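Sharing a structure here in structure tokens format.
For reference, chains read A, B and C in written order, and residue numbers begin at 1 within each chain.
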Amino acid sequence: MNKRSRTQIAAFGMFWLAGIVAVLIMAFVVGYIMVKGLPGITPEFFTTSPRGGLSGDGGIYSTIVTTFYMIVVTLAFAAPLGVGAAIYLSEYSGNTDKRIIRKLVSIARFGVETLSGVPSIIFGLFGYALFVTAMHFGFSILSASLAGACLIIPVIIRTTEEALKSVPAGYREGSLALGANRWETTWKVVLPAAFRGISTGILLSAGRIVSETAIFFVTLGGSYRVPHSLMSGGRSMALHVYYLAMETRAFDKAMSTAAVLVALIVVMNLTINVITSKIATKQG
Amino acid sequence: MKKNIIRIIALAVLILPGACGQPETGEQGAGATGSETVEISVVGSTTVQPLAELFSEAYEAINPSILVTVSGGGSSVGVKSAAEQTADIGMASREIKDSEIQDCPEIVVHTIARDGIAIVTNPDLDVDGITMEQARGIFAGEITDWSEVGGVAGMITVASREEGSGTRSAFEDLVMSDALVSELAILQPSNGAIRTTVASTPGCIAFISFGYLDNSTKPMAIDGALPTAENVSTGSYPVVRPLNMVTYGEPTGAVAEWLEFILGEDGQAIVVAEGYLPF
Amino acid sequence: MTSGIRRTGIEKTMKVVLLISALASVLIVVLIFLFTMKEAMPAFREIGVWKLLSGTTWRPGNGEFGILAMIAGSGLVTLGAVVIGVPLALCTAVFLSEIAPEWIVRIVRPSIELLAGIPSVVYGLFGMVVIVPLIRTIPAPGNAGYGLLSASIVLAVMVLPTIANISEFAIRSVPRGYREGSLALGATKWETISRVMIPAARPGIISAVVLGLGRALGETIAMIMVIGNSVVLPTAITGNPLSIFLSRARTLTGNIAVEISYATGVHESALFATGVVLFVLIMLVNSSARFLLNKGAH
């Protein structure tokens, strides 16, 4: 008995240690970035663009703008497709006896799962060869966001599908019983009810675009200017961290930019958690 | 309420790409007339990129109607982009290869500056100069200890740019002749990363563009000549390559104006200030 | 009447539109694979599949294209990340699902979520300024800090959330009755965890690890920044075989990212071939994870 409880104490000690270490790793990484990065963050850091050349001087204004454009344009491609796919998989695929449709649905699911496992450099390689080179879009917001869309489509599909599934079946049955067809039910009843869940998915994918570097490294070009059109190249904040770390000696600026990135991710995570817990309380 | 929000989002999603997609890209040959902004896209060598960025900033101060966007990608991408006209100007930090001219005879090469390639070491190292022969041996991995070239015993760590880089191919042509850079070398994808590696790694040696020389690394004399602009101009420092800009056909309009600025007094002053050599 | 027809029309149109969206992912996957394959064909044809896969020399300038060194690099760095990261991730998963009080869970889980959200370039930067200098202090000839060990440590942190989250989910999915039955039979909490809960969740836990492998194989930017990128088969640099982790290497992903912008002709094609190898490797890893997960579900 004594030995059993001693083993238990030892094992539990190990698990507690693991939990504490996990938190400490996070605290160390985030803390290090913040301690090194925050002193360099001034209002001017946000309002001025990086300087050209090798000095690494200047702020991150244009990279914020580029990051924002990347989010908007990528979502413009990915969100309709992703949400549409999720609607089909969740709302339409269940009530059919046609074998071909069932086959298509399982193929579609296989596609989503496969796509979500493809590493981002493959999207970059593909985007570089197809959009940048073959289609002559050059290094541009357009090339980069088309490649970036491949990355986030599976994320949007998965989260949207979860959100749609969490809408009680009674909503749909009620609407259908009142004579609405499936699309009307989906558009007017199911989608509004799943709105919060879908928006967390969109936010999550925006976070992926903010963080992504490998794809944009080979498709976005890295110009530090404010982009003027879909065909302009640009430099997202994450890419700016890479350039600062690899091209200049301005590690302080790299740290400051990284601190802004991490802070942004923290805010996004918190927002997602708040929305999710609101959904939970509403349904609970 | 929620229904409206979705509609607004859907609408925004449909409209935004259109709004962002106003075609403003400057066609080559378009003149910088009146208040219309002309955009010149410059793509290629990451070595020329910082210089091109400074040219564009200086030129915009004079002529705000011309906007120059500089992207990286590497020398080969630069030449390819100019040849395929996906960019107005391609940048290359090496000679243009015969095969590239064969692929596209229309390209015109403009040498805008020259750049020395310096051999640098970790600042704590006590060796000040080596011969060309020794440099070849070190980078090929045949000389592996600093004591073999007159220093205190210690392992030599070679760092190099990756294969295909303009800086590396220029270095190979000028220094290595037929020898190959050691497989054990640390390979970094940019001059800046090379500099960081050399500055922080004891016993490390590498080659970087003149523009990246600063007090974090120690420049090494080759056959007695230190890598300085003066030694290059007298011909005693031999490791020099051209920095090129490539256009499809003879440049016209805004592109020609910009290149003229670079080759003029103000442009060349920037070249010298950044540690490169005038063309 | 007309409005009825219009409504049915919209319904039918939407059904087709949505089906097409649902199939878009498949189309993208197929398109990417075919396109990458097509671009890789010249390399496969000119170099030969076997020579490409088994060649240890990668000198594009000399027409030598062997990616074995990169396969070894990817494999070893992933192995290192697993050895470092998996024990921590699994213990954290057990801690979160079985042991930690609710208020602790509310601290630990968001911390892990945050680790998952930190951009890989930030991990790379952190690796460059913290991990690499730390590893450099290990006395061994030729150790410059950049190498497999630094990369493995960075990667271990990056895959921790994937493995911990999915394992936690797997343990939580074990039916309550299992735990309660075991406890009722007089087993201690630890005995219940180690002999009932973990074995019951094993397929989920294994697939979590395998998915973590997939993520590790695919990581690019952070790897370029800390691994040294040398194209050489990693070897032990001292008498100790573990010192193989102090040697420099290049990953398959890094090979693509570092060289794609310079490459033309066969060189470019060989990079696409690297992409095909990576793609196939990750597909194998991920589908085996899915297979295990499905097997566990039945």
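The rule is simple: contacts are C-beta pairs under 8 Å (C-beta built on N, C-alpha and C of every residue); 3 or more make two chains touch, one makes a residue touch a chain.
Quick caveat, the model's predicted, so the values are computed rather than measured.
A.B. asks: Given which chains touch which, is the overall layout a line, a ring, a star, complete, or other?
C.D. replies: Its topology is that of a complete graph.
A.B. asks: Please work out which of A-B and A-C is bridged by more C-beta pairs in contact, and write that pair.
C.D. replies: Between the two chain pairs, A-C has more contacting C-beta pairs.
A.B. asks: Looking at CA centres, what chain is most distant from subunit A?
C.D. replies: B
A.B. asks: Taking the mean of the C-alpha atoms as each chain's centre, how many Å separate subunit A from subunit B?
C.D. replies: Result: the chain centres lie 33 Å from each other.
A.B. asks: Between subunit A and subunit C, what's the gap in Å when you average each chain's C-alpha atoms?
C.D. replies: Going by mean C-alpha positions, subunit A sits 17 Å from subunit C.
A.B. asks: Pull out every residue in subunit B that's touching 2 or more other chains.
C.D. replies: In subunit B, the residues touching two or more other chains are 72-73, 80, 188-189, 193, 196.
A.B. asks: Do you know which subunit C residues sit against two or more other chains?
C.D. replies: 128, 225, 257, 261
A.B. asks: Give me the residues of subunit A that touch two or more other chains.
C.D. replies: Subunit A, residues with two or more chain partners: 80, 245-246.
A.B. asks: In the complex of these two chains, what residues of subunit A are touching subunit C?
C.D. replies: On the subunit A side, the touching residues are 4-5, 7-8, 11-12, 14-19, 21-23, 25-27, 29-30, 32-33, 36, 80-85, 87-89, 92-93, 101, 104-105, 107-108, 110-115, 117-126, 128-130, 150, 153-154, 157, 181-184, 207, 210-214, 217-218, 238-239, 241-242, 245-246, 251, 254-255, 258, 261-262, 265-266, 268-269, 273.
A.B. asks: Could you list, by residue number, the parts of subunit C that touch subunit A in their complex?
C.D. replies: Contacts found on subunit C: 7-8, 10-11, 14-15, 17-29, 31-32, 35-36, 39, 87-88, 91-92, 94-96, 98-100, 104, 107-108, 110-115, 117-126, 128-130, 157, 160, 164, 188-191, 193-194, 211, 214, 217-221, 225, 253, 256-257, 260-261, 271-272, 275, 278-279, 282-283, 286, 290.
A.B. asks: In the complex formed with subunit C, which residues of subunit B make contact?
C.D. replies: Residues of subunit B touching subunit C: 72-77, 80, 155, 157, 162-165, 169, 172, 180, 183-189, 193, 196-197, 200-201, 204.
A.B. asks: Help me check something: in the complex, which residues belonging to subunit B touch subunit A?
C.D. replies: 2-3, 5-6, 10, 13-14, 16-17, 20-25, 37, 39, 41, 43, 46, 49-54, 56-57, 67, 69-73, 80-81, 84, 86-87, 188-193, 195-196, 211-212, 214, 216, 274
A.B. asks: Touching subunit B in the complex: which residues of subunit A?
C.D. replies: Touch list, subunit A to subunit B: 51-54, 69, 72-73, 75-77, 79-80, 132-133, 136, 138-139, 141-142, 188, 191-192, 195, 221-225, 228-233, 245-249.
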